[in-house]
Every structure is written in structure tokens, then in C-alpha cells.
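After this come two complexes, each holding chain A, first together with chain B and then together with chain C.
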Partner chain A sequence: MFEARLVQSSILKKILEAIKDLLNEATFECSASGIQLQAMDNSHVSLVSLNLKSDGFDKYRCDRNLSMGINLGSMTKIMKCAGNDDVMTMKAQDNADTVTFVFESPNQEKVSDYEMKLMNLDQEQLGIPETDYSCVIKIPSAEFSRICRDLSQFGESMIISCSKEGVKFSTAGDIGSANVKLAQTYNVDKEEEAIIIEMQEPVSLNFACRYLNSFTKATPLSPQVQLCMSSDVPLVVEYKIGDVGYIRYYLAPKIEEEDN
Partner chain B sequence: MGIHGLSKLIADESPSAIKQSDMKSYFGRKIAIDASMSLYQFLIAVRSEGHQLTSVDGETTSHLMGTFYRTIRLIENGIKPVYVFDGKPPEMKSGELEKRAERREEAQKNLTQAEETGNLVEVDKFSRRLVKVNKKHVDECKELLNLMGIPFIEAPCEAEAQCAAMVKAGIVYGTATEDMDSLTFGSPVVIRHLTFSETRRIPVQEYNFNKVLNGLELTQDEVIVFKNIIGKCFIDLCILLGCDYCDSIKGIGPKRAFELIKQYRSITKILENIDTSKYTVPENWLYEKAKQLFVEPEIQDPKTIELKWCEPDEEGLVKFLCGDRQFNEERVRSGSKKLSKARTGTTQVRLDSFFKILPSQTNNNKRKQKDITNSIGTLILVD
Partner chain C sequence: MKKKHDTTNKTVPSNTMVFISNEINFSQISKDTPSHLEIIKLRHPRTEKSTNFMYDSDKGTIQEILKFSEMNRSWFIGDTVVSEGNVHLVTPVDPLFLILPYLNKNKMFSTLDQLIHDDEYNDSAKLECLVDEDQLSLISYKKDCSGLIVWKYSEEKTLQWLKTKVIKVANILEQKNINVNSECAVSKTFVRTVKESQENYLRYAHGIISEYLKDEISEKLLVHLNLPSVKSICTKKRKNNELDSEEIKKLRKDYEKDKLNIDVLQANTQTEKTTKKNSKHVALAKAAAGTKNISSFFKKK
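And then the complex of A and B:
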């Protein structure tokens, strides 16, 4: 028996919005510790890693580990049927081939349930090693989203470079070039409005804007985003999801072709 | 050509071993292309009003047209192709080659007949059957690849065997061919339809060798030491299905062959057990020798192979393709620029080149593959 209850069903809506750009289908791995999802996009350039802790739910029960292969388009349809203030419960039997979503309106006058068929997905799982990153940058998520959107008008890819002075996003294309510099902020009331840079050594990497723009679909989940970079490894873009968990995106860099 | 009925057997018995995708998903991959196979395809498929493309003197240029434009398409999609040409055919193949020559003679006769009666459909059909890749085609193609800056390798013997060895050694990702015996040579990844025309919209098919073995349940012994034996079991299956090197037992079709192999695990055992009055086993059947060719084919050690993708020679290409060979100069130049452009600038790296793919967990509780789309949504309660 699997059951997970979330008072704020809107969180799950936002999570779906944040991943369905990159993934068509994915396997939700449910265990006693919570729900995990890991999947690469079709082109194997980026990866989504979602982690929802069991104690972040208002009620959580998972007797046996369960892999739920889900078509995200279908799940989005179901989540659209939920009101923003509805309480949501996901339910499945052990070894079931369907999952049920129950939505209850706040004063319980309306209860709806939707049953969805599960799929058997054969997806490759990647082992992601623990890494100490040379640069860890925290910026307001709306700011990051704006920068990605603005810069992608100029070029297909952007360079993110981090140094003592701050972090710089730059791009160049047919019409010209663009640069956005962010400096570390010191006197801010709220932590999520701050720009915080922890740097061991400077890093400069090149990334495809297309994927960054897809990542920023997670902006509604969190006021702050964290970027982790080291030379020649994938970028990590992390959004915290309240007390429930986090969503992380990994993106492989673009490199200068070694001349052969 | 290849292994008779193997692709159908895999599709029926081990569907999860076949993955459909498109060319784009192979970006950043180095891929060994079975050159004889692709030249043959081009000679058959690249035509204008049913005739092969020719130079002013009537020399065929279909293979050059195909090689030039399809290679550019691969490069534009971020794929790094390396062409592998056949060397001398193994002696065991002479029987098969004789048969092919006979069939060609037959086709020639039919063609002459069709031409006399003026049956255009038949003429087209038989002229396609007459297509043969000759040394001139191969040499011209190599010259073209040189000008394009695309590497090629001459295998000492069979190209598929060389490709398989290169995939096993990890210097390329997969073998691109239509010929299923690449799997028999043990190529971990075999890609079909990669060099097909874009307009045909045929999805690229990828065969994963290990999944083929798993799906066919030829890996009952999970111990790696036995892997070799299991591979040989698969080779025996391929020989029974019918390969290029020797005859197979008459009266045994793909289904029966698969059952027999599952039961007895080797041809030797099968021969001890089947009713020879019902099935005619070829006299002096050289299946052991054929098997040897698959297990230890003559190849160049992949470690000695160095692959280099170089800058194309635009003027050289124009000189080679335009003029007598009647290629459009503008298109050749723009093709060369595309090759050159793909070399400059930055390349997107694949994420799986940083993070290792974990071995997939086999979950016995998993829902059946077929149920994905057609399941009626009934709840199955276990326990």
C-alpha cells in the first residue's frame, strides 16, 4: 500500500510544470523514505533529479518499494483538475498498475478521484557522484529566470563565469552580444533576495540556453536558486521545494572541440 | 545477406532489446559505418527516374551522391562517422558468393527479357537486383571521404567483424549497418536505418546485444565466466537461422531453431538429438568452422586504430564531384562549409559521458511490456 497526502496540491502541479518541458515520461520511485525521480531528457544532455522526503508530506505510507512509470502529459491533465487549495492524496496498491489521485476541496464538500494507468519504463539511471563544487552561487530564482530569457534572445549558448567579483552571464550571436553581471550583495533583509557567492576557484563554462530556460520553469517552486559549478563537470541548478525536498537539474557543458 | 530471420525473432522474443529513436539522439557519438552496406544502399536507392545517377561518360555516381550528402547529414547531427570497408571475403563465404552470382545472372536474364517486352516495372526491379558494389565504387568513395576529412578503415576481412571489435574496444559507440550478423560478431550496439534517406522517415533502430541475449533467455548462467559460452550459444542460433558461411538444416525455421537452441544449447547437441530422417542436415556441415569465424574473425587490433576527423578540402571536393561527375558546384561548396562549420565552435557534451549509467535493476514485479498501452486498467492485487 502506498499513500501520500499533500495539503498543498499546488506543489505537485508546479513540480510537473518544472519537469514536463524536459521529460515526456518518468518513473516515480516510492519508498519508505519518500519519492524520488531521476531521468535524462531525450538528448541525454540534461538530467532531472527530484527528491521529496516522506516527512514533508502531511501523511505518508509506503509498505513496499514501488516504481510508478508515469506519462507526464497524462498526469498534467489530472493535476489540472485539482483546485489550488485542494488537498491531494496519491494512492496505489503494491504491484498495482494504476495510481489514484484524490482531490478534496478545503471544506470537504467536493471529493474527486482520478485513476491513471502506469507504464513500465525502461530508463537508464545515472550514478551521480558527490562533488565539492568550486563555485556555489545563490541568486533569486526570478532574477535567474529573467537572465536566461533575456540572453537566449542573442545566442544559442551562454557562458557562466564566476570570479571573486561576482558572476557573469554572457552570450554572443548574429545581432550582437550581451553581458549580465551580478555582484555579491551584503545588506539584504531577506536571505532569498540576496546574491551569495562561495568560490574556491574561478570557473567559466558554456551552456545551451535551451536547457537553462527549461530549468527556470521551476521558478514558482522556490524564491531562490542555487547554481553549482566546477571546471569540466555538469552544472547543477537546484530549487528547494519548501520543507518537502528539492529538484535538481544537471546540464552537461559545451566544450571547445579538441583539434585533431 | 546477414542472418536469416534474426531481426524478426528478436522483435518477437526480445522486444525490449530494440530501441527506436531518431538520428538526433546520437549526437556526440562516434559510429562505425559498414561501408559496403551503405554503398550498396546508395546504389540501389539514390536514383533519378529509376536510373542511377551518372557522370558524363555514363559512370555511376549514386554512391558518391549518397556518401556525400548522407555523411553531411550525420555530421550536422553531431555524429562522428567512421567508414569501415570490407577486405577480402573469408573462404567460407565463397558458397554464398557463388549463390549471389547465380542470382545476379538470373536477374540479368530477366532484365534482358523485360527490356525486350518493354515492361518498365520489371526493368526497374531487375536492374536493382543487379546492383553490385565494385572496386571502383569503393576506391572513389575512399577518395571522397579523404577529401571530406572523414576517417575510414579497411578491415582485413569482414567489415562487420571489424566494426564489432571497435565497439567492444570502446573506440566507437555502435555499428551502423542493416546486416544482422554484426550481432553475431557480438557488437554490443547495432544501429539500423541510420543512413536511410530523411524523406523516408524511418526511425533509427538500436539493438542492444546484451538485452538481446537476456530477452532470448540465452543467459541462464548469470556468471560472467560463462558469458563466452552464452555468446556462442547465440552464434549457434544464428548459424541455424542461416548465415553467409554455411548451409543450415533444411526444415528448421526460425521458431524451431530458437526452441532447439533453448533446449539443447548447441548445434552439436541438437545434431545428437534430432530426427535426421525428418530434417536434412547438410553433408560435411562446416558449422564449427563457421562458428569459429564469428568467434575469432580476422580483424585489425582496434588499439592500433586512430580516428581523425579533418578539415574538408573544398576545392578538392569541387574538382572531384563537379565537372564530369555533374554535381552542382554550389551545393558541393555549401556541403563542404557544413562539414567545416561542424568542426568549429563548441560541441555539446552528453551527460552520460560524465555520469556512469547504473546497471538496470531487474524487477520481477514489473508490469508486462505489452500492458503499457493496452491495459484495461484492472487492478492486480498480489499478496
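And then the complex of A and C:
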């Protein structure tokens, strides 16, 4: 028997918004420690990794490990039926082929439940090693979202380069070129408004703007975003989800056009 | 229209064949000058069997040879009897059809001469001078690597190209009022009162085009043309036979309605929803070009 109760159902709504651009369907792996989701997009250049800890839920019970293959489009439809301050409970039997979503209005007047069919998905799971990154950049998520949106007007790909001076986002395209430089900030009242750069070595990598833009769909989840980079490994874009967990996007760097 | 080999000669060589053609001017061919016409063996685009084609090096065209054979027939040519009484019809064929199977087989960008290289059929190299780049672009992606032009098969482009071919053939069939009903034969003088449906024309035209296509492409083309596969129609028919006439009428109405709805739906969804959704996916896939595969960085569990 699996049961997870979340007082803020809006969190799950935001998570779905954050992944449904990249993924059509995904497997939610439920275990005693929490809910994990890992999936690659169709083109296999980016990877979404979602981790929701069991402690983050208001009530969590998972007797046996459970893999729920879910069509994210259908789940979005169901989540749209929930009010923003509804309390949500996800339920499934062991070896079940359906999952039930129960939404309760705050004053318990309205209780609605939706049952959704599960799918059998055959997705390969990748082991992601813990890596020490050369650069770890923390910036306000709204700022990052703005930069990605602005730069994607100019070119299809952008170069993120991190040096002692700060972090630079640059792109070039048909209209011209664009550069945004962010320097480390000191003396800020709130930590989430600060720009914090921890750098061991300078790194410069090229990424597809459209993917970065898809990642910024997670902006409502967290005021701050963390970018981790090392040369020749995928970029990690991480959004913390309150004290429930995190969502991480991995994006492979673009390779320089090879001369044949 | 009827032209033959060597009508002036009194004695006719024993290996004489009779050709009928709209396109080739046989009178230009004389015995002394070497002929620009040549019969070459190539793979048939559908069956891959050895097939004769007529290659015209002057005009750079290729024609297929259709043999009409009948028992007990001979030709009088001049004063001689030629015992081989077959009629060979020579009609032009789009060289892309002959290149398509080679292109389809090769999954990598290659130059044209590499693509059409065939150990068994050396004449396949002649196909190279029959097509220009614009034509090849109709069925493949082109890439120019500093002067070296390479090609790769594009299913999407090919299906689009074949679709226009099918529609053209269907229009001709309709213009010429050719009976396309597979369930009955009709005399040539029969005056049609009910117009044949567009679908039947398309289906018939698809059959004609499919003569030159591998089965798998032919099936994909059927899907691309939004024609339901024949199997589903057959089962429907069989079901209909078991029901009584009233039910059939009802079913047919429903089916017609369904089809209309489906058509409208398909048109709508295809134009709006799928394009909206697909364009997003296509754009995302496009953006992925040039990026490494993420799974190359992580180990599989």
C-alpha cells in the first residue's frame, strides 16, 4: 500500500509544469525513502531527476517499492482539477495498475478523487555519479529565467562561461550578439537574492537555449537556482523544492561543429 | 508513334526486338554510328530482381521496358519474318525510383556514386548522370562538406514527394474517367452517373505508384495519405455481410458519419493540435542537434 499526503498540492502542480515540456511520460519510483523520477527527453540530450523525500510529505507510507508509469499529460489534467490550497493524497495498492488522487478542500467540505490508469514504461535508468564541479553558481531563479528568455531571442545556443570576474552568458545569431555578465554580490539581506559563485577552475560551455528555457519552467518552485559546471560534462540546473526535495536537470554540452 | 529497329534492312538480325515508344526517335539511329541507346540491367526498385531498362545517353533519360508477350506471334519486317513476336513498350521512368532503394538502404551521409554503387549491377553507376541535385533533394538531405556533396535518405521528404505523385496520378485517372472500382469491371462505354470517390482514385493511384516501391514504403505512404489499410476495410465488409440489410444501412450511415468526423477531426487536430504539440517537439529535437547524448556521460544501471 502506498499513500502520500501533501498539504500543498500546488507543489505537485508546479512540478508537473516543470517537467511536462520535456517528458511525455515518466516512471515515479516510490520507496520508503520517498518518490524518485528519472527520465530523459525524447532526443536523449537532457535528463530530469526529481527527488521528493518522504519526510517532506505530511503523511507518507510505502510498504513495498512501487513503480508507477504515468502519462504526464493525463496527470496534468487531473492536477488541474485540484484547487490551489487543496490537500492532496496519492494512493495506490501494491501491484496496482491505477493510482488515485484525492483532493480535499481546506474546510473538508469537498472531497474529490480521481483514479488514473498506470502505464508500463520501459525506461532505462542511468546512474549519476556524485561529482565535484569546477563551478557552482547560485543565482535568483527569476534572474536565470529572464536571461535564458532574453538570450534565446538572439541565438539557438548560448555559452555559459564562469571566470574570476563572474559568470557570463553569451550568444550570437542573425540579429547580432548578446552578453549578460553577473558579478558576485556581497552584503545582501536575503540569501536567495544573492549571486554566489564558487569556482575552482574557469569553465566555458555551450548549451541549447531551448532546453535551458524548458528548465526555467521550474522557476515557480524555488527562488534560487544552482548551476553546476565542469568542462566536458553535463550542466546541472537544480531547483530546491522547499524542504521536500529537489528537481535537477542535466543537459549535455554542445560539441563544436566538426570539420569533415 | 510506331517505330521499329532497322526497317530499311532487307535482312534482319536474328536478335531483333520490336519496340514501341512515344519518346525515342528511332530514325536517328543508323547502323554506322554507335547508338546512344543501350539496354542495361538494373535492380527492379520493388522486387530487386534483374530488370532491363533502356538508357539514352544523349538525352540522359532512362526508360523502362514493358514486354507484352503472346504465344504464336511473329513480326514481318521488310521481307523477313522475325519469330520473336513480343511487343516491347518503352516508357520513361523517374530515375529517383531506381535510386530510392539504394538511398533507403544507406543510413549514412554518402556521395551519390557511393550510394548507387552495386557490385552485381555495374550499370547502376549510370543513374548518377540522370538526376540533378534538385531532384535528389526531393527524397534526401543534402550536405555540402567543402565541395563534397553528400546525401542521406529522408523519409519525410520521400513520402511528401510520393504523395504529390499519387495525387497527380489520381487526377489523371479522374480526368480520363478510368474505372478504379476494385469490385467490378466496367465497359469503356459505360456512362457513370455516380462519381467515384476521391479515396478510390487515390487508392488506385497508390497501387500504381507502389509498383515501383518496396512494400514498407508503400505501407507508410498509405498512412501518409490518410487511407485506412485495406485489412480494416475487409473486416468491416465481412462483418457487414453477417448483418441484415437494415443494420447495414445504419452501419454505413454511421461509418460515413464517422469517416466525415474522423476526416474533420484529423484535419483539425493535424493542423492545430498536432502541429502545436509536434512543432514544440520538433523544435526541441532540432535544438538538440549538435548536443551529445546524455547517456554517454552516465553509466547505465
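The definition used in the following text is that the second predicted complex is superposed on the first by the 256 of 260 C-alpha atoms of A that agree within 3 Å, B and C clash if a C-alpha of one lies under 4 Å from a C-alpha of the other, contacts with A are read in each partner's own complex, and residues count from 1 in each chain.
To be clear about the criterion, a contact is a pair of C-beta atoms (placed from the backbone, for glycine too) under 8 Å apart; a residue touches a chain by one contact, two chains touch by 3 or more.
Since the model is a prediction, treat every value here as computed from it, not as a measurement.
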When the two structures are superposed on chain A, do chain B and chain C clash or fit side by side? clash
For A:L126, select first, second, both or neither according to whether it touches chain B, chain C, the two together, or no partner. both
Check the residue A:D97 against both partner chains and state whether it touches chain B (first), chain C (second), both, or neither. first
Using the touch definition from the top, say if A:I255 reaches chain B (first), chain C (second), both or neither. both
Of the two partner chains, chain B (first) and chain C (second), which one does A:K117 touch, if any: first, second, both, or neither? first
Could you say whether A:S214 touches chain B, chain C, both of them, or neither, answering first, second, both or neither? second
Shared chain A contacts, counted only where both chain B and chain C touch the same residue: 40, 42-47, 124-129, 157, 208, 233-234, 250-255, 257, 260
Would you pull the chain A residues touching chain C in the complex into a rising list? 21-22, 40-47, 124-129, 156-157, 207-211, 214, 233-234, 250-255, 257, 260
Which positions of chain B touch chain A when the two form their complex? 16, 24-25, 27, 308-310, 343-358, 360, 363, 365-369, 371-372, 375, 377-383
Within the complex, which stretch of chain A touches chain B? 40, 42-47, 67, 69, 93-98, 115, 117-120, 122, 124-129, 157, 206, 208, 233-234, 250-257, 260
Per the touch rule above, chain C residues touching chain A in the complex are 145-146, 148, 280-281, 283-285, 287-288, 290-301
